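Here come two complexes built around chain A, the first alongside chain B, the second alongside chain C.
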Partner chain A sequence: MKFIKKTIPLLIVLVVGVLTLASYYVPHKYSVDYLELMNKWENIVSAFAFLLGLISLFYTHYSKISRKVDGWGYSIFVYIGFFAMVIPAIVCHGKQMSDTGQTALGWAFGFIYNPLSATMFAVLAFYIVSTAYRSFRIKSPQAFVLFLAAFILILGKVPLGQIIWHSALGWTGQGVDQVIEWIMSVPAVAGKRGIMIGIAIGAVVTSLKIIFGIEKQYMGKD
Partner chain B sequence: MIKNKALHLIFVSLLTAGTAAAAPSPSGGKAGMVPAAYSINGFTAADMPYDVGGAALLRWLASPSDSADTVYQVFVSTLAAGGWIKADEFPSSAKTGKDMDLPFWAWDGHKAEHAVKVEFNNTYGDIPPGTKFQVRVDALRDGKLLAQSAALPVAPRGNWFRLDRLNNLVLLIVIVVIFFWAVSHAKRKGLFIRRIAGLDAIDEAIGRATEMGKPIYYVPGIGGMSSISTIASAFILGEVSKKVAQYDSYIKIPHYDPIVMTVCKEVVKQSYLEAGRPDSYRDDLNFFVSQDQFSYAASVDGMISREQPAAVFFMGYFMAESLLMAEVGATNGAIQIAGTDSESQLPFFFTACDYTLIGEELYAAGAYLSKEPMLLSALKVQDFGKLVVMVSVFFGIIAVAIGAKMHWDSFVQVILNLFKAY
Partner chain C sequence: MLKEKLQKFFKIDRRWIFLLLAVVIFIPILKPIGLPNKTISRDAQNAFNFMDSLKPGQFVLFSLDYDPSTRPELQPQAVAAIRHAFKKNLRVGVVTYIAGSTGLIQQIFEKVPAEYGKKNGTDYVIFPYMANPTAAMTQMASDIYGIYDRDQDGKDAKSLPVMKGIRNYKDMALVVNITGTAMLDSWVAFVGDKYNVPVFGGVTAISQPGYGPYLQTGQLKGLIGGMKGAAEYESLIQEPGKGTSGIDSLNLAHLLVLVLILTSNILLLVIRYL
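Moving on to the complex of A and B:
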């Protein structure tokens, strides 16, 4: 049983992992075909997995409605929203435009989905303000550095801020634009590159752990 | 009179012949007569090395007569004669042997030659293996043909090794060797691992949720299962859910990707089993929300606002929705621990969460929490990798700076080639 549940899956991971890794160094058509095949398999698995996701979604919200938990009314909108998009999609054969103009699916996208999505994205602006307010409450030396960098950037981006800079620090001969450019291209890039190098090395080691079966928690432990 | 007419005819004939020789069709038609003073020497056509098999490498010597207005045109054909199609055009100062983007160990190019990669796929689309092509180069000045090379046959073929990526392969082999050394070393001795505050706070967060009788939310982000950060997130989820099971608390995991949901179900189930609480496990702890970024964020925000969890974990790959969710969690007073390798989202997590795991700490978290020697040993490999990078950067800067100052161009080129990805 352990052979089927553990050994075979680990062997598949090892073989597929090594082949995929090798394909980076082998430019032959076999290698390209292999990668294309893997992508196709991934797409097929994703399609079937999406069905599982849909079942999970319906089951979760059905149980919320049937148990009348707090906010169960919102769950009804899941079904309404689902049918509001799926029925026009079936009727219009998945096309948003036809010879006669916009289809029902196109209308649903244009007047339901897109405004809702844009609204959600727009909320981000308000959250950025509230987050900035919280981070500007200086509680540590690191928070002070963050505040200082953010404050200079705000000054540089607002015309009034530029006037203040010139009147207060104009004697230094350094424009706020130059200071911003230095912050963005020297300390910010240095920090970012450090993080990216760490991420790249971590990704390599994590991949090796999975390929060689050191990390196998995703399939349960012995 | 007759003599004058004959002289006139001879003059006109010579003029016509001269014009015909100087201005044949430059657009790849039949080869015309060319001046003898200019020629394309040493023209060769071979399969392009280190590629999938759809390109040829053309080389010829740069002519001393080349001037700023000399242009080369490369023609290709699938026929034995004629059918020429222009594949490339460039000035004589471009595409020398030195300009080829290959390292010194895989390419010996000189400034005194031209080297051109001709990709047949761009001209003919997908080409069947073994297709033979004819190639030719024309040199032109002011639209007039100066010289034309002989037409050469070439049959591109797929290669078996990217010699230009040898530096990458050597580094990989070194890392693999050290990886296995570290793993075997870990079996004999314990390793010191520095404390990671964000991971130490997991117990505190779960304990708080248990005391308050509120749920814990674990958000695995919007990455697919092929994303390393999502895989790392699944490992962390295993340890977090084990602790949740031990504390008899309650965890909810909303998903963006159905495949991730399926994997996480197995992980959580296994954790509950290991914690000795299989009876507490429910299949709906993991549930699918939406595969649309903002729908997912809106749904998670709604759940956090309504249920007011005591602790929220954001572990995995995030984009713009990071702040949308983290800010709602912070407003509701939850202890928030985040971890992502998406460096553009890290500032948002820093400001909105109590603890943030930066990039590699996310990858290390699973090993850190499980405390398994085999997994912990892999962290040593990460440290080794960072050491290699630090030493390379330090000595690389010094070597390149000295090389540039002393005008050791070849030396600088060697250093740059060694650390470049091809």
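Moving on to the complex of A and C:
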């Protein structure tokens, strides 16, 4: 049993991992063919992952509704939202426009999905502004540096800010765009590059640990 | 006494702030201020220059990966870049790896190509949504038809005039990725760097600072950032659009954020030293 549940999956990961890694560096027909085959498999597996996710989503919300847990009414909207988009998509064969004009899917996209999705994101702006007022406290030199950088970037991103900068600090000879350019290409890049190198090294190490069977948590507890 | 009064300002009902922001955003929509965007960022200029240097007939692959949540910032960028490509008589291919993007792509191509007399299948092609970006990106390196054998209307992709002579990245002059996700990193790592394909991007203003390292090393040929980036690109192609008009609303909203942060910190200082 252990051979089927542990050894075979680990061997598959090892073989596929090493071959995929090697094919990245070997420009040969075999490696290209192998990558093409893997891409097809990846797409098929992704489709099943979608299906699994959908079943899990439905099951979770069905369970919430049947047990009438707090906020169970929201779970009904998961089904309403899902079917409001999927039924028109099936009926219209995924087409949003036809020769006669907009299809039901086009309408659902334009008048259900589009405004709902945009509203969800737009609401964030209100919370950000409110939080900026309540929580952005300059209590340390580091916070002051952060504030200064944010102040210049926010100001320089709009024409009105550029006009204000020019009126107040035009005598320095430095345009706000030049200052932003410096912030973006020196301190911001330095910080970001450090983070990226750290993440990349971490990803390489974790990948190698998975390929060589040192990291096995993805296989579950059994 | 004064201290207590000032402290009340911190406990102000946040709905007042919401209302203030709503007013500040709506006023310019109802009555545009119309301030000109005087500066063009280096990265937007570089993106424009690269596209502008391409020869008519060359193939540009657009990967439009955003949904309605980031539409106000990214759709104007996509429209401006596609307009530029059509103006330059470039051939355009469109892919997407975000399901919500398909309707937005449809909206662009219902209107823009007709303005330049461009035809589906001859001057541009829209490929269907694919769920797995890395697999599609890698596949297109050897044979694009291995993954996109048909366009979104079900026509045989290989036989379309727009795809003549196009088999993989070697036949493409540029990849443009406009995204509200981290997809641009994948385009740089899996396509730009590995297959030596020029890539430029369009991202939301909040993600823009993160792409500095790629711009410095030349891994990205340029970057359009947020609504301001869209307005810049529109002014470069001399076609004002939603980016230019949207920047009006940002004017007052940005200043409101600054005023609120300054006010709260000044109040804090006064309270501390009273």
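We adopt the following convention: the second predicted complex is superposed on the first by the 183 of 222 C-alpha atoms of A that agree within 3 Å, B and C clash if a C-alpha of one lies under 4 Å from a C-alpha of the other, contacts with A are read in each partner's own complex, and residues count from 1 in each chain.
As a working rule, a residue touches a chain if its C-beta (ideal position, glycine included) is under 8 Å from a C-beta of that chain, and two chains touch if they have at least 3 such contacts.
Here the structure is a predicted model, which is why all the values come from computation and not from measurement.
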| In the superposed arrangement, does A:36 touch chain B (first), chain C (second), both or neither? | second
| request: Go through the superposed model and pick first if A:97 touches only chain B, second if only chain C, both, or neither. | output: second
| request: Could you say whether A:134 touches chain B, chain C, both of them, or neither, answering first, second, both or neither? | output: both
| task | Name the contact category of A:173: first (chain B only), second (chain C only), both, or neither. | result | neither
| task | Answer with first, second, both or neither: which of chain B and chain C does A:158 touch in the superposed model? | result | second
| task | Report for A:181: first if it touches chain B alone, second if chain C alone, otherwise both or neither. | result | second
| said: In the overlaid three-chain picture, which partner chain does A:70 touch, first (chain B) or second (chain C), both, or neither? | reply: first
| said: Quick check on the output: what are the common chain A residues between the chain B footprint and the chain C footprint? | reply: 24, 32, 42, 46, 50, 117, 120-121, 128, 130, 132, 134, 192, 196
| task | Could you pull out which chain A residues touch chain C in their complex? | result | 24, 32, 35-36, 38-40, 42-43, 46-47, 50, 96-97, 106, 109-110, 113-115, 117-118, 120-121, 125-126, 128-130, 132-134, 136-138, 147, 150-151, 154-164, 175-177, 180-181, 184-185, 188-189, 192-193, 196
| query | Given the complex with chain A, which residues does chain C contribute to the contact? | reply | 10, 14, 17-18, 21-22, 33, 35-39, 41-42, 67-72, 100, 102-103, 106, 110, 130-132, 134-136, 138-139, 142-143, 146-147, 194, 205, 208-210, 212-213, 215-216, 226, 228, 247, 250-258, 260-261, 263-265, 268
| query | What does chain A use to touch chain B in their complex? | reply | 21, 24-32, 42, 45-46, 49-54, 56-57, 59-60, 63, 70-71, 74, 116-117, 120-121, 123-124, 127-128, 130-132, 134-135, 146, 192, 195-199, 201-210, 212, 214-215, 217-221
| field | Contacting residues of chain B [partner chain A, same complex] | value | 50-53, 129, 158-162, 165, 168-169, 172, 175-176, 179-180, 183, 224, 226, 228, 231-232, 234-235, 238, 255, 257-259, 261-263, 266-267, 270, 273-274, 284, 286-292, 294-295, 297-298, 302, 306-307, 320, 323-324, 327-328, 330-331, 341, 343, 346, 348, 350-352, 358-360, 362-364, 366-367, 370, 374-375, 378-379, 381-382, 385-386, 389
